[in-house]
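Paired with chain B in one complex and with chain C in the other, chain A is shared by the two complexes that follow.
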Partner chain A sequence: MTQTIPTTEPAAGVRPPAAGRRLRHTPRWLPWALVLPALAVLGLLLIYPLGWVGVLSFQDFGLRELVTGERSWLGLDNFRDVFHDPLLRTALPNTVVFAVVNVALTVAAGTAVALLIAQLGQVARAIAVGAIMVAWAMPAVTVTYVWVFLFDARDGFFVELAGHLGLVDPDQTNWFTERLAFYAIATVNVVQHGFPFVAVTVLAGLSTVPRDTLEAAVLDGAGAWRRFWHVTFPLLRPVFAVVTILSTIWDFKVFTQIYLMPGGNGTNRDVLNLGTWSYITAISQNRYGLGAAIAVLLTLMLLAITAVYLRTLFRQEEL
Partner chain B sequence: MSGLGPRSRSQRAAVGIGFVLVLVFSLGPALVMLSTAFNARANAGSRSVVASQLTLDNFRFVLDEGHFGTYLRNSLVVALGTIVVSGALALLAAVAVSRFRFRFRTAILVMVLVVQMVPVEALVIPLFIEAKGLGLLNHLVGLVAVYVAFSLPFAIWTLRGFVAGIPRELEEAAYVDGASWPRMFWHVLFPLVAPGLIATSVYSFITAWNEFVFAITFINDDSKFTAAAGLRQFFTQYSTNWGAVMAGSTLLTVPVMVFFLLVQRRLGEGMVAGAVKG
Partner chain C sequence: MRVLGRPSGVKASRTRWGRLVAGLAVVTLLATACGSGSGAESAGITDPTGTPNGDGEKLTVWIMEGTNPDPKPYVDELKTAFKKETGADLDVQFVQWAEAHDKFVSAIAGGTTPDVAEVGTTWTPEFAEAGGLIDLSEAVKKSGLESDLVPGLVEAGTIDGKLYGMPWYAGVRSVIYRTDVFKKAGVEPPTTWDELVQAGEKIKAAFPKMITFPVPGDSEYGVDPFIWGAGGDIATEKDGTWSSGVDSAAAQKGISFYTGLATEHGFSSPAATTWDEADLSDAFSRGQVAMMISGSWTPGALIDANPDLKGKIGAFPIPGPDGGMSPSFLGGSHLGIFETAKDKNLAWALVRMMTTGEFAQKWSEQSGFFPGTKSLLKKVQQQNDPLVAPFAKQMSEAGASLPVTELYGQIQGKKTMAAMLESILSKKKSVADATKDAAAEMDDIFSKG
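And then the complex of A and B:
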């Protein structure tokens, strides 16, 4: 799902189908027969469960209900519990502030790298693109373990380095226990994994910026900074809109990278975000209704962002 | 944009430094993973990033005592199952939405886009309850079903571009020769869309191979773990066998890396082809 850069489909809608000839060979129900198996899978495994999680969020559903299949309705109690839970005051910023910071850093880093690669000669450009592809292709599980290894308490590479520089006492330092340091490490992880998508997309966009316009700007005495903000950025605004919104969606629902860091699986409640909080409440503590209510909150936020995404997309093309 | 106006020495130096920074930041984690996986002293207290003494012991440990071979086989079974089912369903659906006009076609396309945004955390709770009820926990087929659903939207969306790139005249020529629709599909559309099918299969493979949340939720039986979930066993409460973690990570990463680099260019071409031709 990393690169849903939608393509346009220009002629298909315009060209009149060769009606007489096609009708003879293709019955009217054929498109439905072709699309139904896929729709059935999406309906059963994505849409129906999504509705069910909404229903669960209004129920008292615990281990007993899981075994007996009984259900009892709670109304809005689960949501009331979530809103009154002091954890919300850390989990919400851990989700929203983290996403905002990471999107800003990912888009900035990706754009900077794209502008840099555009300056390179052919060989250096191929090497740089290959390198960022490697960063992109690493599984999230693996990269997270590497960062945990590097920042590990006492004898991790960065702790030892900071110790040698006299910044911290390595024996007293465990960055994973402090909320801010924990999320700073998660930020390094998520930005390192996310910037290649932005860089590759923006790089493709840069090749569409007309050379004459940039050369004219140079003749007018515009420096690189002004050229970017006054020529490149306005022309590539749609590209930036898409990479920003897609990054926002991905960074809002980051789970694996948080869960796999020390304390991220619920042992340190300060570092829970909405995703890990929901998962731990439901799957580890068997409070499925309450976990579902947290998941519903997260989903509603994502749906709002998705709506913005679709509007941006529809302005650019006709499906 | 290269060669815009005269460049000073300091500008060239800045580009050079930037180039090195990009390489270090991009390749750093992969190199640390490799050097620790081959490091004989990975667990001996000193956590140097560069291996001083090379060994294959970490890999031997992971495969023999860590049962990582079983996990890799489970991952392969799940990924192949996902590719086959998802590829078949996505191809049929892509043909429907790019070759036919029918009611709700646009609605279906919008739905395919929207379901990609649904967070895994919202699905894992109901699907866990459902899988438990159906007795699918601890069965790899439960994971395949979920991964097919996850990989379908992207596969449909991408294959639609590939199908749209095939000239309609070829289809019509087949009809003129007296072919029925299924014959035309099998002998005209399928061979032409095969490169696109390979490209989307790689993405389905990566989705299934890398997935973590459902892999740890659906499977408790450690003979059924996939590789991404099985790595956790090298962490114990008091110590971590980092050499083993990184050796296992390397085994997990290499197939993904190979596929990703192979297909990246081709997928881009397919999308462009789908956009340019009608």
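And then the complex of A and C:
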């Protein structure tokens, strides 16, 4: 920082050219040295285990290998096993459809809530933001048990309610055994837990939308719907990009919310997803190699889908 | 708890989390733990009957937490007695069931196992095959204990004719029922499968709001007795290769009967389709259940959860199809000596002290589980407690063990039997299809390892 040389050149643009100069006088290693601690932590906590999962996915790695330290390379056999396993036929659509539906609903709900909060006065806004923050801060385990409790067979609140309304016979109903109902409950859980992040982020973005642009649109006779799609949304594209990517990542690898629901631990094969399948294979069965292969598959899919998703939603030059 | 199942719902959920966290820890540990084998080995048990001199030595012992509600007095007495006999000290550490499996695995991998440890019976084959435990057959034989050990527990700890786990304690499942409900409905504890159905019909008519006989989907220990009772097998071994037996005609008959209690006779509830044993116990202690398959260690907890049930609970062995009893899974713990133990004679002296005589009896009385020797089990039976004697009878005459191979642990991990039950109870598959699929899944694991 002390190297800064005062410039005598007239400033051509808004940005002072000093920024470019400073770089030239800084030793090449300095930026790396500065980020090294962060890189070391990330490398240790993220990249090393990630690499290990990749390596394991090519091995027959079970308890014996763990104990003896033997290595037994399988090439692509684990991946072949995964592709030939009939469980893939339920786990894959469960993962993909659930993620697509949940990302759409989470982003839509979060945006709607943000637009609503933006209309509120200061006190009401503080209360509303505080309330959704509480929903956000709850641990996934707790929230999942609450939803399970509410939808529980026999004496859950919603089952009794539906019983009183004459919709179902509470003694003969167990929503957790049906794939669609199971995932509907999981969706309620995940969207309820995920929308606050979107709402808070979009709300922050909304404050950057210039008032005069919106007023101009009003003068031109644009309704609320058109103002959102033609003014707000285009201006907030980067914000939507971020919340969509993050929601996609979270909803694709959803595990806790599924595993802790009745039947989600592998008992009900109809509701298995890639996350729970990988866990059951690796940890419950001690087949670490095969479980790692499922995890690698999940990661690759996640990367591919995120890329495609973003390209269709947002054109490259606007990001 | 993987071996026996535990009565409280909270514990069950904590267990899942414990496994998850511990599991992740192991995955991370993989990186660091690999490569190191077990440490220096010393001679085996050279003097199984003598009293070793352990002056200045110290044995590390792992015991599972929760089996004995207040283990401190027992441990203190054990320490004093062992010090007096051998001069050696004990370092007793309590391990949570939830984290125990992964802790053992990491310890075996890193050569940091204790000298002596309690090992769940279904884990013994796994740790023995991984090279963690030592063979105790000779020591047992020379100590003259061979004929006194409970057979089901010996079977569960034996691989290729060698015994790797010394039977310590065990529990068994029978039927627990509400005596008041049975009395009002005018039924006696059934002794055959037909009588079970008749009793169920009467109870269902008299108490339509109760669940007559819940059939939980997430508990393989409930269906096992009916497979064995009908003369079927879960899996059989031939020339070192295991193959599934759940799709045999006999096994299908048993599975049909058991699931039929729910699907044909309406004794269960759709809610039970996703229940595990903890959910089952919860429902029972809330007074919603007339009878259920439950463990010998559960009556105390059921009454603790709902004191109103005191004096209203009875038990009877699981009936056989035409009388007699259906065998029930005998689960419990062995004491094992690890390869890393420096003084194996000393370790054996401790194992002998804990599994026989005074200390074995005390542990059984305090924990509510049954001792692992026939002579002590007989004493328990003679006390004629109505909540103990039926279980003791089931254990000594109709106890059975699951396939003794670590591959069966994988099958349990994959929830093959529970998935089979779930698909039948939710009417997604017929008994024939579900058993065929389950057998195929088991055989796949048996063949691949």
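Simple rule for what comes next: the second predicted complex is superposed on the first by the 257 of 319 C-alpha atoms of A that agree within 3 Å, B and C clash if a C-alpha of one lies under 4 Å from a C-alpha of the other, contacts with A are read in each partner's own complex, and residues count from 1 in each chain.
In this section, a residue touches a chain if its C-beta (ideal position, glycine included) is under 8 Å from a C-beta of that chain, and two chains touch if they have at least 3 such contacts.
These figures come from a predicted structure and were not determined experimentally.
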Thinking of the overlay built on chain A, is A:Leu56 touched by chain B (first), by chain C (second), by both, or by neither?
-> both
Report for A:Leu66: first if it touches chain B alone, second if chain C alone, otherwise both or neither.
-> both
By residue count, is chain A touched more by chain B or by chain C?
-> B
Which of chain B and chain C A:Leu235 touches, first, second, both or neither = neither
Does chain B (first) or chain C (second) touch A:Phe176, or do both, or does neither?
-> second
Does the superposition put A:Gly263 against chain B (first), chain C (second), both, or neither?
-> second
Between chain B (first) and chain C (second), which does A:Ala153 come into contact with in this model arrangement: first, second, both, or neither?
-> second
Once the shared chain is lined up, is A:Thr299 touching chain B (first), chain C (second), both, or neither of them?
-> first
Could you tell me if A:Tyr145 is touching chain B, chain C, both of them or neither one (first, second, both, neither)?
-> both
Figure out whether A:Tyr288 sits in contact with chain B (first) or chain C (second), or with both, or with neither.
-> both
Starting from the residues of chain A touching chain B, keep only those that also touch chain C in the other complex, and list them.
-> 48-49, 52-53, 56, 66, 69, 141, 145, 152, 259-260, 279, 282-283, 288
In their complex, what parts of chain C are in touch with chain A?
-> 13, 16-17, 19-20, 23, 26-28, 30-31, 33-37, 105, 108-109, 126, 129-132, 217-218, 269-271, 273-275, 406, 409-410, 413-415, 418-419, 422-423, 425-426, 428, 445, 449
Can you list the chain A residues touching chain B in their complex?
-> 1-12, 14-15, 17-18, 21-22, 24-26, 30-32, 34-35, 37-39, 41-42, 44-50, 52-53, 56, 66, 69, 112-113, 115-121, 124, 127-128, 130-143, 145-147, 149-150, 152, 155-157, 160, 192, 196, 206, 209, 211, 214-215, 218, 249, 252-253, 255-256, 259-260, 274-275, 278-279, 282-283, 288, 291-292, 295-296, 298-299, 302-303, 305-306, 309-310, 313, 319
Quick one: in the complex, what on chain A touches chain C?
-> 48-49, 52-53, 56, 61-69, 141, 145, 152-154, 171-174, 176-178, 259-260, 262-263, 265-270, 279-288
Residues of chain B defined as touching chain A within the complex = 1-2, 4-5, 15, 18-19, 22-23, 25-27, 29-30, 32-33, 36, 45-49, 89-90, 92-93, 95-102, 105-106, 108-130, 132-133, 145-146, 148-150, 152-154, 156-157, 160-161, 164, 168, 172, 175, 179-181, 184, 203, 207, 209-210, 212-213, 217, 228, 231, 240, 242, 245-246, 249, 252-253, 256-257, 260-261, 264, 267, 271-272, 274-275, 277-278
